Amino acid sequence: MIRVGIVGGTGYTALELIKILLRHPDVCITKLTSRDESCPALSEVHPQIRERLELNFSLFEIDSFAEQVDFAFCCLPHAASAEIVKQLVERGIKVVDFSADYRLNDTATFEKWYEVEHPDAARVGTVPYGIPELFRSEIKNAELVANPGCFPSSALLPLAPLLSQNLIESTPVIIDSKTGVSGAGRKPNLKFHYPECNESVAAYGVGTHRHMPEINQIIDRICNQKISATFTPHLIPMDRGILSTIYVKPKPGVDASELHNQLDDFYHDETFVRITDTLPNTKDVTHTNFCDISISQCGELTVIVSVLDNLIKGASGAAVQNFNLMLGLPETTGIL
Amino acid sequence: MIRVGIVGGTGYTALELIKILLRHPDVCITKLTSRDESCPALSEVHPQIRERLELNFSLFEIDSFAEQVDFAFCCLPHAASAEIVKQLVERGIKVVDFSADYRLNDTATFEKWYEVEHPDAARVGTVPYGIPELFRSEIKNAELVANPGCFPSSALLPLAPLLSQNLIESTPVIIDSKTGVSGAGRKPNLKFHYPECNESVAAYGVGTHRHMPEINQIIDRICNQKISATFTPHLIPMDRGILSTIYVKPKPGVDASELHNQLDDFYHDETFVRITDTLPNTKDVTHTNFCDISISQCGELTVIVSVLDNLIKGASGAAVQNFNLMLGLPETTGIL
Amino acid sequence: MIRVGIVGGTGYTALELIKILLRHPDVCITKLTSRDESCPALSEVHPQIRERLELNFSLFEIDSFAEQVDFAFCCLPHAASAEIVKQLVERGIKVVDFSADYRLNDTATFEKWYEVEHPDAARVGTVPYGIPELFRSEIKNAELVANPGCFPSSALLPLAPLLSQNLIESTPVIIDSKTGVSGAGRKPNLKFHYPECNESVAAYGVGTHRHMPEINQIIDRICNQKISATFTPHLIPMDRGILSTIYVKPKPGVDASELHNQLDDFYHDETFVRITDTLPNTKDVTHTNFCDISISQCGELTVIVSVLDNLIKGASGAAVQNFNLMLGLPETTGIL
Amino acid sequence: MIRVGIVGGTGYTALELIKILLRHPDVCITKLTSRDESCPALSEVHPQIRERLELNFSLFEIDSFAEQVDFAFCCLPHAASAEIVKQLVERGIKVVDFSADYRLNDTATFEKWYEVEHPDAARVGTVPYGIPELFRSEIKNAELVANPGCFPSSALLPLAPLLSQNLIESTPVIIDSKTGVSGAGRKPNLKFHYPECNESVAAYGVGTHRHMPEINQIIDRICNQKISATFTPHLIPMDRGILSTIYVKPKPGVDASELHNQLDDFYHDETFVRITDTLPNTKDVTHTNFCDISISQCGELTVIVSVLDNLIKGASGAAVQNFNLMLGLPETTGIL
């Protein structure tokens, strides 16, 4: 049994992670930390797993943590995460980091977009980006993996193969994303107060969302191509699920059906990416680790629709997929 | 034109009140106060009425308020409200108070349930309870009216006539209420964070909700009968609307159809109470000032279902109905 | 009092229309028709207006209708509508038609997209398109007005002034729209069955939605410009509201702030269009006749966000605005 | 591997069943039937399990079915189910039946409430009722189990131990239940059309719901007590989950805390029933096989709140729990 610790275990992604790990045959959760000094009871924070895990929250303390844990998932906010991750890696603990700290190619971009000094700058740019379908070989050999952002996952899965095979133009790339409210985290805020966001849709962060540079840089890493995606997220009155509608222009002589076939080929042996003939709903994939993708023509443009569960394929499911790879376990263990 | 001021104008009931008053032909809103020292712009707090009212929030100050206002609606929390209301009444301003401060029969009950000293104890027990269908004559002559609680409105409208006509037993009276989340107010709180209460139902305040003594006391006031209602509110994933399912036992020889006819007679000339032959949905009354009521038999018990919009008939619509009565205007002005 | 008849009164737009007209001081609803031979009771079909209108549904019959009605709103599906509208116009009854029958510029386009022969081809292309802010003078003098589609309203209000003033390029114009489910009408269908579309988002009709040619043709009519908009509607789990995210490219030397100012000028004297400094939510406008529009820059592209209530400004509110204009009444009567 | 067949596989309970069985290590799904002559593709009917099960729907035909199947789950409507079930049992196939056909104690009650002749009257009254926590020993030895109704499960789990231990009075027993819309099945109907039931609550079937005699009869079977529960179901705007608020009167000298302790003892060794100290939300149990129960005092009455997922513990999870018992497998296999 692999002894697993979760750093920052009170949020929604941590709950999904715990639920997945409770089903994973090779895992034993031995440590749960929280930054809340009151160390609340697990059944109070996550009543859904009441009586399923005999463990309570403790404050993070590297020595006791390192003693009880072989593998760590770190679910802290940016900057706070790298502070802990560097200690864990130095102790030889393998880590999947949920934060944005190790996703970008360089510290300068990180510090510009996140407006904070990076606590572990030396590692930035050396850590595999945790989309297994795109970076499997690097992930297999890594001590630390940067779990991807939920919006970038939904955009990169369809875009990366098409751009790297030179099938679509690098401009315009317009990503119009719709997300459930769990994507905003668990901290109360007027914007996510039920009567404010129920029965309503809104765009937010137009031109300023931090997942935009992440998408651009990962495309650069995979395809050696500069793109400048236009990314607009929208808040949808539902718990979970992301749908990204992506507008691209095929290269001359290429049409939607060729794009469809190429993606279908590319993902042929992948369990968790399904290229569909009909327009997918987020409900087809919520509570699963799947990403479904469709491709349609609309005049000169191609409209790609990609759906995934922001908490699973966009966070905790992908994290366990990476965990399986890093430990040489069958990739689908616990997430099918 | 009646110059109207609203004390505590940033919440949901205040917004509904403003929207109703903007349609009221005899009203001019001249003052809006907030306890927020930053005095936020109206269009920021309530974007829905952007460009419709040239007024911003100010802090409450009795002299300037009294100068500009003929009639006040006070939408402050309990205790804070009576502090202001007593000043307003002393200046000769008529008031509808949305808080619980003047609803109960005596200060002792208030202080027991609200756990705070009453700032205006002398007036407690002398103020009409603002359900026009039950207390119209007192309201007409009042300087101050206590606007009723939303749950009590839904329960008292059917119960009061049946109890006072001696058609049902005084025990058991079980009120199982379901409310939309706007009933919880606008202050962010983990309980009302979208992903917590969406796709979920929960009971709350079982045996401890402050609307329970309110229901019991008003029944006592109307019928001179002691009842001890069992009241259980539930939070429903919707913006607005209350449905109360009320279980009572008809007196020997009385059946549901007689109760139906009696209620139908009692409310025959009332515009805003409709006795229906089919089970009502909250959607039949949301965004209106109506309360719809049905009566069914189920074995020995009678099941009464009553629906209203917690923000309108359960708050701001009733308040304007009271306002119209207090000023001798046609009762339905602005709320049909 | 103007005697108003509603043809096809059982759907959601008809209910909103009735509710608005019940508040309109110059209107008396004298006729309601349905194609349902059973002529159901009004309170059964629309329990929300129970006891508010003493009228029941009847089958449409031109003679009795013409006798009792001065002005008609026709809420029938396409093709069925023009069959009736032509009879009404011939009898001298003014009409606002909610269907698509008279919106397009030519019969050929209608027949291609709607796959049915047009029952009143002669009038096609001569009927004003009912967006008052863009076609006020034609509407004022019309006997018949084609009420616009809900998506086109949300797209044309921002696009028409910008294109006609030559401030943006005519390509790309990408309209990514999100709509509440009431937009799909009231006929039960697995797609709109609650557990299918709740907690889910989906795109639909990519490249094939009938509002796409409507947008393109009206732009042509206003600006004498050919555009070929890419239009993708999405179904959102909420009752009502449309948000359109529109991606355009400003002309060289033009930026988002200039576009903002130009729109602000253009709509300066319009009550129902508000240019906002912050990103609007659909909730800012639902249950109102307003359309709120914001403009942001994102790299080379400008992102316009436009919100309206599909049943009000996107249907019945606009219809009454047209009605007011056609009869010389103050334009905002009944819809503020 | 046990070869499992599902009869009637297109609905919501069947989908949940398939998803559970795909995780069950001892099961291979070999047959899926539908009454739809067009035999639709599985990925069309249930896109969520696209690429996960290589099987399509076929019409039910006893010979081929019996050849390929060791164990059957029958998800057909009442009466249609017993027609098939009797054939299966005669062929020696073990069955869990989701319908109401074998739940009641006698054919007369069945025929009164379901208004149809029972196709397999001989077996009625001999089939174990599939709540494992209450009927485990009968279920273990059964060839056929009647899977319980979702509302009865939520009511019987708390009521049965309290009544059989003589801790509460047999009258009043008031069950006020709230259910998500998936409980209504997958057939489109105006009542469950999204814009009708979204943002609304309604009671339905007051005094006439078929789960009322089921509750009464099972109590009689367990405790040899006649009760006459008042049962009122309500439709809640959410996908799944049932919350039952149950009002009972403790026997003299008994209080809520004793009831709590007794239930806690009774369910001490049960994995899937959790007695909680705080009021449970349906969200604590949706997507799980748990039933959480709390007990509160309110005046003379005790208020029991019980929550479960109508599709899992209220249907397919319970069914697999029964399946595990019938085959001597560990009871929690596949459902934890």
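So that you can tell them apart, the chains are marked A, B, C and D in the order they are listed, and the count of residues begins at 1 in each.
The rule is simple: a contact is a pair of C-beta atoms (placed from the backbone, for glycine too) under 8 Å apart; a residue touches a chain by one contact, two chains touch by 3 or more.
For clarity, every value in this text was computed on a predicted model and none was experimentally measured.
*Asks:* Computing the C-alpha centre of each chain, which chain sits at the greatest distance from chain A?
*Replies:* Max centre-to-centre separation from chain A belongs to B.
*Asks:* So which one's got more C-beta contacts, B-C or C-D?
*Replies:* C-D
*Asks:* Would you kindly tell me how far, in whole Å, the mean C-alpha position of chain D lies from that of chain B?
*Replies:* 40
*Asks:* From the mean C-alpha coordinate of chain C to that of chain D, what's the distance rounded to whole Å?
*Replies:* Once rounded, the distance between the two centres reads 46 Å.
*Asks:* Find the geometric centre of each of chain B and chain C from their Cα atoms only, then give the gap between the two centres in Å, rounded to an integer.
*Replies:* The mean C-alpha positions of chain B and chain C differ by 36 Å.
*Asks:* Among the residues of chain D, which ones contact at least 2 other chains?
*Replies:* Only 180, 196, 198-199, 237-240, 280-281, 283 qualify.
*Asks:* Would you tell me which residues of chain B are touching chain A in their complex?
*Replies:* Within the complex, chain B touches chain A at residues 12, 180-182, 186-190, 192-199, 237-240.
*Asks:* Give the list of chain C residues in touch with chain A in this complex.
*Replies:* Listed in rising order, the residues of chain C that touch chain A are 171-172, 174, 176, 178, 180, 196, 198-204, 206-207, 228, 230-232, 234, 236-241, 243, 245, 247, 279-283, 286, 296-301, 303, 305, 307.
*Asks:* Show which residues of chain A lie in contact with chain D when the two form their complex.
*Replies:* Of all residues in chain A, those touching chain D are 22-23, 44, 47-48, 50-52, 199, 274, 276, 278, 280-281, 283-285, 287-288, 292, 336.
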